[in-house]
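Structures given as C-alpha cells follow.
Each of the two complexes below includes chain A, the first together with chain B, the second together with chain C.
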Partner chain A sequence: MTEDRRALLQAVLALLAAGFAAWWLPQVLELFAIINATVYVAMALLALSLALVWGFGGILCFGQAAFFGLGGYAYAVAALNLPDTTYAIPIALGVPMLAAAALGYVMFYGKVSDVYMGVITLTVTLILFNFINSTAGDEWRIGAAPLGGFNGIPATPPLNVPGDPGTALAPEQIFVIAVACLGGCYAVCKLVLRSHFGRVVVAIRENELRAALLGYDVRFHKLAIFAIGGLMAGLAGMLFANCVFVSPTMFSLAYSGQVIIWVMVGGVGTLLGPIIGAMLLQALTAWAGTLPEVNPSLILGLVLVVAVLAIPRGLQPTLAALFRRRTP
Partner chain B sequence: MTALLATEGLTMRFGGVVAVDDVNLSVAERELRCLIGPNGAGKSTFFRCLTGQYRPTAGRILWRGRDITGLEPHAIARLGIGIKTQVPSLFDGLTALEGVTLAVRRKHGEREAKRRAMAALERLGIGELAEAQVGLLAHGQRQLVELATVVAPEPDLIILDEPTAGMSAEETAGTATLIREMNRDHAVIVVEHDMQFIRAIASGITVFHQGRILVEDCAERVLADPRVHDVYLGRPPEARMAVPA
Partner chain C sequence: MDLALATGIQALSGIATLLLISLGLAIVFGMMRVINLAHGEFLMLGAYSAILAVEAGINLWVAMLVVAPLCVGLLGVVVERLVIRRLYGRMVDTMLATWGLSLALVGAVTMIFGNTVAGFSAPLGSVQIGAYSTSGYGLFLIAATLVLLAAVWAVLRFTLAGLVARGTMQNAGMAAALGVPTERVYALSFAAGAAVSGLAGALIAPMSGVVPTMGTAYIARSFITVITGGASMLAGTSSAAGLLGSVNTLGTFATTPVLGEVLMLAIAIVLLRLLPQGITGRFFRRSL
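Coming up: the complex of A and B.
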C-alpha cells in the first residue's frame, strides 16, 4: 500500500472511530462524564495542534496555551455580543489563527533562532495570562462581555442550534461536535502532511537550508503550519469554553507545560500518540487529584521522567515498533 | 554579451575582518569555472554570498544583468541556480528518492517529479539507493545524493562547494566525469581544494587569496603560475622574489 493510500485510510478510520465514539458514548455515559469527556477531547485537540506544529513543523512552541486561551476568550466575547453563537465560531478560530500568524511573522521573518522562539512563545503566553488576570474592573469589557479578571467569564453561552439562538445545544450534542472536530482535524492533518505542502514542511524540519536551496520559502511554510496549529488550538479553546468556562488559567504555564508533556509522552512526530497521551494523562491527573495526599503535578512530572527514560520515542512509536516485531 | 552570473566589487566584512574584498567575477553561459585557494582565502564566504546565505557588505551580484544582491536563498534557487554545500545538506529522515523528488516537485507534478528524480539518481549511479534513508548512507553516497538533488531540477547554473570532499578516488573520478558532462548543458562553478580534481576537470580557474582574486586564467597557466604555488605553500610573493634563481 502506498503512503498516500495509507494516509487516506487512516483519515477515513479516524473519522469512522470519531463517528462511533460520538454515537455510542452519549448513550452510556452520564451527564457529568459527558462534560468531562468533552474536556478530554478539547485537550486532545490542543495536543494535536502542538503535535502538528512541533512534531512535523519542528517548531517547539512553549505557548500553545496562548492560542487555546485566545480561542476560548474570543468565543466567549463574541457569543455574549452576537445574537447567534454560531457566528462566534469563525471569530473563535480567526482570532488565534491571526495571532499565531502575527507572532509567527515576527519570529520566522525575523529569523529568530529556535531557543529564542521558545522564549518568545512562552513570554507571550505569560503576558496574556497576566494581562487577562488584571482585567477585573467593570471598565474591562468588550461590548456586553466583561473580561472578569481572574474570575474569567463564567456566563459563556454555549453553542446554539444554527439559526435558532433560543435553542442551546445540550452537553451531549456539544460532545458530538467536539469528537467530530477532533476526528476531522486528525483527518485533515493526515491529508495535509501527505500533500506537497506537508512534505515541504517535513523537509524543512529535516533541513531548513536544503529546503531553501531547493527554492522553498522556509519562512512562509513555517508561518503557515504555525497558523494552522494556532487555529486548531483556538478550536480546542472554543470547545473548552463550551463545557467549562473561560478563565485566565487557559493561558497558564501549567497548560503550556502539560501540552508539551502530552505530546512527548504520546510521541513527537506522530498525530495519534499525542491524542492518546493527552487523554491518558488527563485521566491520570484527574484521578491523582482525588487523592488528598498527592499533588497531581508531581505525578505528571514523574510520568514524564519515567516516559523519557523508558519510552524515549513516545507511546505510539514504541507500540508500533512492538507490533511490527511481533507481526511475522 | 551579458554574463550569466557576475559580481561587481563584492565585499563581505565581519567586524574588522574583510573575508571577501572587492571581487569582480563573471561567469558565462555553459562555462565551467573553478574557484580555488588555500584555507581562509574567502572562497566559502564568497560562495555563501552568491547563494544568499550572507548578505554582502558592499558590491552587487548580477544574474543575467539583474541585480539579485541580498535575495533570500530560496529566491536565488528559484532563478535556476542549483547549489551544493560543502558538508552534504540533505533530508536525513527521508529516502534518497523522496529528497530528490522534492527538488523537482516545485516545477512538476508528483509522477513526473518522481520519474525525473529517479533518472537523476541513476545518472549519478546510485539508483539502487533510491529507497535508502539518507541519514544512514556513507559520506560519499551522501555527496552523490546531494549532487543528484542539485542536478535533478536542471538548473541553468550549478554551484558546487567542494563536491568531492570525503569521496573515494573512484567516486572523485566519477564526479569529475559527471561535472564535465553537466557542463555540456549548464554553467558550473566549482569551489575546490583538490588540485588533482581541478586538473581532471581542466577549466577556467579563479584563484582566491586573502579575500581577493589573485589570478584568473585557464587551468594550464594558473596551475603553472608560481604565485599560485606560493599561496598554497604559504610563501608571500615578496619572499619568493627574494630567493635567487
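Coming up: the complex of A and C.
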C-alpha cells in the first residue's frame, strides 16, 4: 500500500504548503496584490475542479464556468438576503452541485456520447449567460438582491466573521480562506482518487464497457464525480465573488475556454499540473494585457494550439518524464 | 393572411440563416468527424474579407459571393496543413486546437481592425406584402441558402468528386484501399467547408454587423444545429435548422429575442436527451 501512503503524504504536503503560503504571503504582499492573489487561487481551484472531472472522470465539460458562475451568483443573492453571510456558504456550494447533478442526470442517464456532452455543457453555459445578461431592470430581483443584468451585482457583500454579521473579513483573511480551500480540495481530491470510489471512476475513464461488465454503475459514478466537480467550481465562484464581484462574464465562453486551456497546458490526468497551469497562464495573460499592441487572446490562443500540438500530455507529465530521465 | 405571410417569411429567413451558418461546419463534421471550433471565426473572416473587398472598390455581389469564400477557403487550406492534419482521429485535441485558433484569430483581427462595428448596408431595399413590408435582402438570403444547399447536394450526388467524398465519409479505410488519396479528400473537404463558412459570413454581414467577436454569437448555434442534426450532413442540418429556427423565431415573436434563443437551446438539449444520435440517428437514416 505504498501508493496510498504516497497519496496521503502528498495530501499532507499540499496542506502544509497551503498553510505556509497563507501565513507568509499576506506579510509580504500589498493589499491589491493580495486581492489579485486571491483571484489566482480561486481560478486555480476552478482548474482543479475541471482537472478532477475531465482528467479523472473522463468527462470533457465545456461549461465548468457555469458552475463557477452559479456558485458566485448563489452566494451573492443569498448573502444579500440573509443576515449572516456565513449561511450563504452552503447555498453557494449546494446550488452548483445540484445543478451539476441535474445536468449530469440528463447526460449520463441519457447515455449521451462524448462530443454531444461537450455540446450540452456548452449550451447550458450559453443559456445561463444569455439569461443573466438579460436580467437588467427592477423586475429581476430575488428577495433583496437585484440581478443587475450585464452589470452583475457590484454590491456583493464579503464573508463576515461567523456569528458576527457586523465584522466583514479583511482581504487578507479571505486570502487565507481561499488558500485553505485550495489546499483542502487538493487533499480531498487526492484521497478520493485513492479510495475505492475513485479507482472505479478512473476505471470507467479507461474503459467504460469493461467497468460496466465488472458490475459497476457507470452512470452513477460519473454523476457523482461530476457533482463533486460542480461543488468545487461553485466554491471557486464564491471565493471569486468575495474578491471581485459577480457579473455575467463568469458564465462566458471565454472563462470556460480558459479553464480548459489551463488544464490542458498543465496536464490532463494530473491534479497539480492544472493548478500550476492556471497560475502560469493567468500571469501570462496579465502580462500580455500590459503590452500595448498585442491582444491577450492572440497569445492565449497560440499557447493552446502549440500546447495541443507540441506537449499533448501537458506540462506536469512532460516535466516529470524529463526529470525521471535525468535521475535514473 | 398578410400577417401570416410576413411571419412565415420571418421564420423562413431565421431557418435560412441558421442553415447558412451551420452548413460549413456540417460539411467538415460530416466528412471528417472534426469539430471546428474556429468555425465562428471563419464566418467573421468571411464578413471582413467582403468588407475589405467592397472598400477596395470591388462590386458588392462579387465581394460577397466570390472574394469571401475564396479568402476563407485558402485560410482553410493553411489551417488544415498546419493544425488539423496532425490531429486526425483525436477528436478532443482537435476541438481544443481549433478553440485556440479561434481565440488567436479574434485577437489578431481585434489588433488589426479594432473592436468596433463595421459593415455594409443590406442591398435590395424592401418588398411590400399587403400592409407589411419585408426586406428584399431577407428574401435573397432564403433563395441563396436554397441554391447553396442544392449545389452541395448536387456535387455530392452527381459528380465523381462527390462520389469519392461520400465513399471516404462512409469508410475511409476501404476508400484508401481502393486508391483514393483520403488525405487529399480531407484537405479539400476542410477547404470546402471553410469556403462555405466564408460565404455564409459575408452573406449574413449586412444583417448582423461585423465585429471581431461576432463568431462567438454564431458558433454555439451552428454547433448545436449540426449536432442535433446528427450524422447525415445535409438532411440532418436542414431538419435541425428547420426545427430550431422555427422554435427560435416563434419564441422571439412570443417573448423577447433572448428568451427565444434560450428556448431554442433548451429544445436542443431535450432533443439530444431523446435522440442521443441526433435527428438523423433515428429518421432519414439513409439520406445524405
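Assume the second predicted complex is superposed on the first by the 326 of 328 C-alpha atoms of A that agree within 3 Å, B and C clash if a C-alpha of one lies under 4 Å from a C-alpha of the other, contacts with A are read in each partner's own complex, and residues count from 1 in each chain.
The rule is simple: a contact is a pair of C-beta atoms (placed from the backbone, for glycine too) under 8 Å apart; a residue touches a chain by one contact, two chains touch by 3 or more.
Source: prediction; values computed, not measured.
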Which of chain B and chain C A:P157 touches, first, second, both or neither: neither
Touched partner set for A:G184, first chain B, second chain C, both or neither: neither
Superposition-derived comparison: chain B or chain C, residues of chain A touched: C
First (chain B), second (chain C), both or neither touched by A:G215: first
Touched partner set for A:V303, first chain B, second chain C, both or neither: second
First (chain B), second (chain C), both or neither touched by A:I120: second
Partner chain in contact with A:P317 - chain B first, chain C second, else both or neither: neither
Contacts of A:V200 with chain B and chain C, given as first, second, both or neither: first
Of all residues in chain C, those that touch chain A in their complex: 35, 83, 86-87, 90-93, 95-97, 99-108, 110-111, 216, 220, 223-224, 227, 256, 258-259, 261-262, 265-266, 268-269, 272-273, 276-277
Residues of chain B defined as touching chain A within the complex: 51, 53, 72-74, 77-78, 83, 85, 89-94, 98-99, 102-103, 105-106, 110, 149, 153
Interface residues, chain A side, partner chain C - complex: 60, 106, 110-116, 118-120, 122-124, 126-127, 130-131, 133-134, 253, 257, 260-261, 264, 293-309, 312
Residues of chain A defined as touching chain B within the complex: 196, 199-200, 202-203, 206-207, 209-218
